[in-house]
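Shown below is the structure under consideration.
Chain naming follows the written order as A, B, C and D, and within any one chain the residues start at number 1.
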């Protein structure tokens, strides 16, 4: 396992999830078709520049989803995958679930951004269940998204509340997908992952060397 | 192979294809969803009684197809599977080819009526190619229709121009489907076919015994 | 299936559903959820049911009420655990209900396969995960796939927006979700709609579920979605 | 695929198609046939093509003209032999073109599989017939099935009725046929339409091909379908 350090520290502090959402929004190519997972990734939509031409997909059956619906615009027949009322932009299209997941699984989305419990250096993803016996398993569309988009990004804090790294040599939580993640955005920095191992792209409030050390990886 | 004779002769002459179409139209249940194959079976539509509620499917992507289009009603974007211009009835629906064939192959049509080169006593069907080296093979939707409808009827003359039976112990032409035909309507009579063998339902201008003899079958 | 029947009441629409049936229930959260048909099913009394639906009930209404009435033996769904799935959670932890977790796309595609006459299909979802256990794996063109089988229903209960008297259906926005797929996968499809119109009133280019897939239709009062305890 | 491009000419729309490409060509007879794109493809000059289409050309126009120009190595289709398929018939009898006959439903479903990420599927069509030769057979729940693989295109050339500037498409009547399926199965989908409108002008409930499947759009003159020699 190699790690390519990049000592260009891009911020003097750890990023908030909102700041991180802005970083991800900046990296999404203009005109891309994108699915934003339930939870933190939803924030990314608020940071997409006007005129970016990014088209949002929601797996419950819609392309060109608009922002959250407020007040009278709330329509219980129009929600995102998190069941939050949303709006429709000009040029939207609705389709049923088999067509929506065919779109995902057929590799037509350019980017999807998911939360995660753990990501492995080789791109394995764990984000659907802790596997604890008392947890009721629930997968939703996570496994379909993991294998579906051309690029799967993860958005997460780099460490758990108790300080354990979530970017790991090998996932200990049950997998969602194998080798499917290509990039990991965290409050401490951004990492490329995959068959060639992990590479630090940029860091926030910490040097790449310090980060490598905390992740327990020897720099080559 | 057994044959159950039924000496109730229903006509004093062999039926024309038009008369046979009327016989088949009479047997199609009210409200049924039906696909009429290219060629002779198309005639059946002209004999469906008003108010029969029969809904016609055409595999190029339509339910509730109306009669042939004439004059100004001809629209090159609206044809049947034989590429003949047709019309649309109130309550029609259009769908693409994958949806149309899913409808057929999923067993949702009640009846389809096909032409045939040969039908075997056990319901095997041969209607897509003679298998002669000089013939260019072309199958269209024949194999999908053969396995798709709840009841597959065949409409054909009982003998070739040279007098060979087309209802045979075993097909010599290449098969379209195995054991898929349930009933055969011919100018000489109507036959049920299937795993229990062939049964004569009614005859036209000929007795069941005479017919059995011409088909080369010993009555039990 | 022959022509759709238009029924006067939801009770007539669910008549005859047998104990032990597999029932496909449409909806994603509240959107497209056939609440009136589920209420009628609770009154009808069928027992020992297998329910196929995206979720396993919200709050104390709809599927949650059917579960609470003890009518359900097994649930196939993608996402049982939600903030307000307390009825299911309780039954599950007490071991009173079986659960098969199916990835959402597989749930949809396996029902499509049932409706389309596909015997089984190779799918890339869940390869290498715990949900691959017991499934046949095959490599095709360098990619790993799992073999998935159809999910067929005895009945589908779905919600749509408008039906014509032939049985053609249109839906509203993301309330479309599982309805069109479930309609193809069930022996008998029962639909609650906001409105029934004469044939010819729906645009044939915009029909989503063609009449061939619809058996029984009942018009219901417009639903207020501000259901206590369900979101 | 990123946002659809709207091009000024059919020549621009077919630019860059490489020799040896597999091209999915929409249409069933004349309905939905992208004549203008095929004419541009003939001018463009790509050679050694594999064409996937329901028929193998009618009369002397469209696909028949592409075949006559000697650009096609192989045809996958369900029904090559027609009253007016003399161009194909001649090439085939002279051994100048390869033919793979595919049942019409398999043609559609195999392209759907390509678009939907399905690795392969078991299908009841053609069991026990000469078209089953070389295919894997499996019995599932007492019924026999053949294993069928996806058909993927490098390009799809299709005809639609109206596009919005995002790339959403609607079709007209039975001219819809293969277009929506082919659009999902090709790396690059090129569409000729009668009209391009602003986003928001198409009813989002009635869009048949969502914009994600469309790469290039060109508006063409309304076609007179009374083509000599083609029906």
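Observations on the model:
Keep this in mind: contacts are C-beta pairs under 8 Å (C-beta built on N, C-alpha and C of every residue); 3 or more make two chains touch, one makes a residue touch a chain.
A quick note: this is a predicted structure, and the numbers were derived from the prediction, not measured.
Common neighbours of chain A and chain C, by the contact definition above: D. Each of B-C and B-D has its own count of C-beta contacts, and the greater count is at B-D. Ranked by distance of CA centroids from chain B, the top chain is A.
Rounded to whole angstrom units, the spacing between the C-alpha centres of chain C and chain D is 34. With centres set at the average Cα position, the gap from chain B to chain C is 36 Å. Centre-to-centre spacing of chain B and chain D amounts to 29 Å, using the average Cα coordinate of each chain.
Centroids of chain A and chain B (each the mean of its C-alpha atoms) stand 55 Å apart.
Residue numbers of chain C whose C-beta contacts span two or more other chains: 109, 112, 116-118, 123-124, 171-173, 204-205, 208.
Annotation for chain B: residues touching 2 or more other chains are 88, 94-95, 101-102, 104-105, 147-148.
Taken pair by pair, the chains that touch are A-C, A-D, B-C, B-D, C-D. For chain B in complex with chain C, the touching residues are 29-33, 53, 55, 57, 63-64, 88-95, 101-110, 147-148. By the touch criterion stated above, chain C contacts chain B in their complex at residues 1-3, 112, 114-118, 164-166, 168, 184, 198-200, 202, 204-205, 207, 210-213. In the complex of the two chains, the chain B residues touching chain D come out as 58-62, 75-79, 83, 88, 94-98, 100-102, 104-105, 124, 131, 134-144, 147-148, 174-178.
Listed in rising order, the residues of chain C touching chain D in the complex are 109, 113, 116-124, 138, 140-141, 143, 145, 149, 170-173, 203-206, 208. Remark: chain D residues 28-32, 78-82, 88-89, 92-93, 99, 101-109, 111-112, 123-131, 144, 171-181, 208, 225, 231 touch chain B in the complex.
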